[in-house]
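Each structure below is given as structure tokens.
Look for subunit A in each of the two complexes below; its partner is subunit B in the first and subunit C in the second.
Entry: the complex of A and B
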């Protein structure tokens, strides 16, 4: 088939369970202009270089070619920092980092360790005696959503609302060309407005009376660079809440799925938990929860592997393909938890490298350590399992396992 | 080389970063013979960068900045004993305690030491210090803890500037004296030098450029102050001499190797040259003491005082020590270093002093975040970021590929096209301190000539 249809085929739901042969085809064809005017890059060296290239914008407003699948335009809210360039991106990210990581809050993520372990153990404990488990609904979903809600300061009782909003917002990321995007985008826009308003009022209620969570810090923290404006705070809070769990759900579920497909390695990791951190890195390479970055745009004509990508054209960085590049990773299609020199691109890289990576790492490590002992005697009920729609945030919608 | 490259006897002189990493790499690559590490400091290998940063701020203790071990190293450690010479015929390292360490391959990784204050009587005053070793750092911390009324830092290179930064962070009054026109100018040129000067002054440093310290004064054997070439004087209870580094090559004077004040000359594979410019096959060099040719910089011999270079070069040297000719690798790593001072994270790739023009490609000095790109004769040779390191890899690729200078427009925070200006890299002789990156010409024997002039 023509390489110009690769993007269409990658986003086609029929290939969700195994997009990797398409990625191999992408790497073999270099940088190819797609029928919709976008450019796909899937080789490690090129993707790694582009992640650090200051000439790439993350702000979709810099697109000059017609954007076939625009994200919902939020007229009432500024873009969050994931969709902005420096210096704005940098300022917002730095202000947000003040309550999450070094240099101002070096202990935040470590301090969550005990709490996450307690949640994971409780969820895993509830699986005891069951003959059938849906790893997504029973474990992979509730863990990260509870953690991010606690970190931000969202009451536990509101988690169902968070889930409904998130589902609507993520659905609009689904690039299914056969579908009419408008209703999905309307719903996403509405959900985003509601979630923003909800988080904004939660934060506002803590102005002057911080309760030790990130929303409190964002609304009260007044560093030398000032503080977030109201709309900035809402955009940022929506981003943290969604990105703070959506991807981790998939990482945990993809991890469980991969290990159930490699029972010998599952046993090995269960018996040697000290190998789990390295195994999580391999999962981020082998089944990254963010498959590609769809919203980069060159600010000037740039050359990528001999191809000129024009200014303003959609440029898609396929992280999951770069992670399987045989020029970078020996035997790339083999899942090897002991892999060395594993500088995967599962968290992206450069200025936009994953903000929550330290949290995602420990959550997934703790999750697998709690879950693996419970999977003794279980096997996959369906392989492949049913996948969620999104080709970007890829993961199983359900992951049923049964005893026997 | 021994018949079996994985057997025989290897001696490593110098037990700091380069020596340790080389030893680890040798074992990693399967060297199964006798391995001896010789170091003149009594301490196990430790990490030096924190000594002028976290240690001075009390966040880490001077003797606890150990180097993480990559792997266990089965070796004989001869610590606290100085190597005094090499017998290249008998293939033995001569130790100060009379000991002899036979080898069939030798790695020289003796690094540098702090250049002392040139007037011995003044250098001996109580309160006059240098900073290179963990013992030095412990002594300096003790002085800073005592709350001196003023600290004098002589030389505004990276070490001096980092010390001044730590002093200010601790609320101590500090005077910095630099013979050149600005701090860091010797490494980064005029534009970032001026920026660093503004930063230092805004942090309350009494920065004096274009002056030299003509005398350190004392009473009763204790430092009381200093006199400057412009006729002024200050009182100070502590003076830290930051005049750059001296390469530890004197012990090789009779070895017949091309060893001199600029280091031990070696080829791209870390093999040492002898004084006639003939490459040896059993003596290797790595780290700060090495002087090696680099293709990106017209094959001039580079002398670097960089943590990353020590690691990379040690790896190449170790590989080549146990590999037959065709399997050997060149040391081609692009130089890189970092510094943390006055709240700034400064990172550099390439050789900024190998330049004639500079352009601010991203950000600006006004916002305290920028990327400066350096060019020489129309090619990009270096880039330095201040609080903006994420795109440095992009410029590294431009350096490696000899991309044209100035870089094209289009950077997300590039603020439109800006003109390049002269990079204003001063002659190193004008500086108080020695440069941490030096281009030292093409000839392996030049150092030997200079040594004789000394």
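Entry: the complex of A and C
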């Protein structure tokens, strides 16, 4: 088929369960201008280099080609740091990092270990005696959402609201050509506004009375670079809350699915939990929860693998394809938890590399350690399972397993 | 167990500091300090740090050089 239609085929829901043959086609074709004016890159060396290329912007306002599916533009809030370039991106990210990681708070993620284990054990314990489990609803979803709400200081009772807002916001990111985008985008904007207002007032309520959570730290922390403004705090908090669980749900579910498809490896990991950290890295390579980065734009004409990508054109970095590049990974379509030199791009790379990566890593390690013993005697009820719509944030919508 | 960080490869992602904060330490934004002799109580955390390094810069045991195990 025509290489100009690759992006359309990748985003087509019909290919959600197995986009990997399309990625092989992408790597074979090199960089090709798509019918919508975007350019796709799917080879490891090129994607890795572009992740570090200062000529690429993450700010969609630098696009000259109109987006096929423009993201909702918020009139009331600044973009969060995922959609900004340095120095703004760097300033906001560093201010936010002060309450999450080194150098200011090196022990935050490590200190979460015990609490996450308790939540995972409780969820896994509740599976006892069941004959049918939906791994997404019963386990992969509640774990990360509980953890991120606790970390930020969002009351557990408000999780249903968080879920409703997140669903509306994510729905607008999805490519569904048969749907009219406008109502989706309006719903997403409304959800973003409500979520931002909700998180902003939670934070405001803690001003002057630190309570040990991240919202409280963001509003009270006064470091050498000052603090976030009110609107910056709201944008950042929305980003942390959504990105802080949405992707991890998919990583855990993709992990369970992959291991159920490789029962020998499931048994091996259950018996040797010390192999799990390396297995999670392999999952991030083999079934990354973020398949591609759709929002990069060159600030000047650049050459990628011999092709000129013009300034302002959407440039899509297909991480999941780079992760299967045979020039970088021997036998790339094999899931091998013992793989050596596994420098996957599952968390992106460069200045925008995943902020929450260390949290996602330990959550998924703990999740698999708690879940795998419970899966003894279970098999997939459907293979492939029904997938969520998004080609970007890819993962099962449900993952039913049954005894037998 | 001994560890070595290949500082030519290190790009300051700091995953090791998040995952084993008593062994690895960031001085300022980028300078990495670490304890090359890992105490027994930190082995599990260091194993997670080794697996997590996005550029494979943290070498442990035999890979940390002769007598490293």
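Quick notes on this structure:
Please note the rule applied: the second predicted complex is superposed on the first by the 404 of 404 C-alpha atoms of A that agree within 3 Å, B and C clash if a C-alpha of one lies under 4 Å from a C-alpha of the other, contacts with A are read in each partner's own complex, and residues count from 1 in each chain.
Rule of thumb we're sticking to: a contact is a pair of C-beta atoms (placed from the backbone, for glycine too) under 8 Å apart; a residue touches a chain by one contact, two chains touch by 3 or more.
Values in this document were obtained by computation on a predicted structure and should not be read as measured data.
Once the two complexes are overlaid on the shared chain, A:274 sits against subunit C while remaining clear of subunit B. By the document's definition of touching, neither partner reaches A:321: not subunit B, not subunit C. When the shared chain is aligned, subunit C comes close enough to touch A:109, but subunit B does not. By the touch criterion stated above, A:341 is placed in contact with subunit C alone, subunit B being left untouched.
In the superposed model, A:236 lies in contact with neither subunit B nor subunit C. Looking at the shared chain after the overlay, A:351 reaches subunit B, while subunit C stays out of its contact range.
Of the two partner chains placed by the overlay, only subunit B lies in contact with A:53; subunit C stays clear of it. In the superposition on chain A, the chain among subunit B and subunit C reaching more residues of subunit A is C. When both complexes are aligned on chain A by C-alpha atoms, subunit A residues 353 touch subunit B in the first and subunit C in the second. Contact residues of subunit A toward subunit C in the complex are 94, 101-103, 106-110, 274, 277-278, 280-281, 341-343, 347, 349, 353, 357-358, 361-362, 365.
On subunit A, the positions that touch subunit B within their shared complex are 48-49, 52-57, 85-87, 90, 298-300, 302, 311, 350-351, 353.
Subunit C makes touch with subunit A in their complex at residues 13-15, 17-21, 25-29, 44-45, 47-48, 51-52, 54-56.
Those residues of subunit B whose C-beta lies close enough to touch subunit A in the complex are 361-363, 367, 369, 371, 388, 390-394, 397, 408-414.
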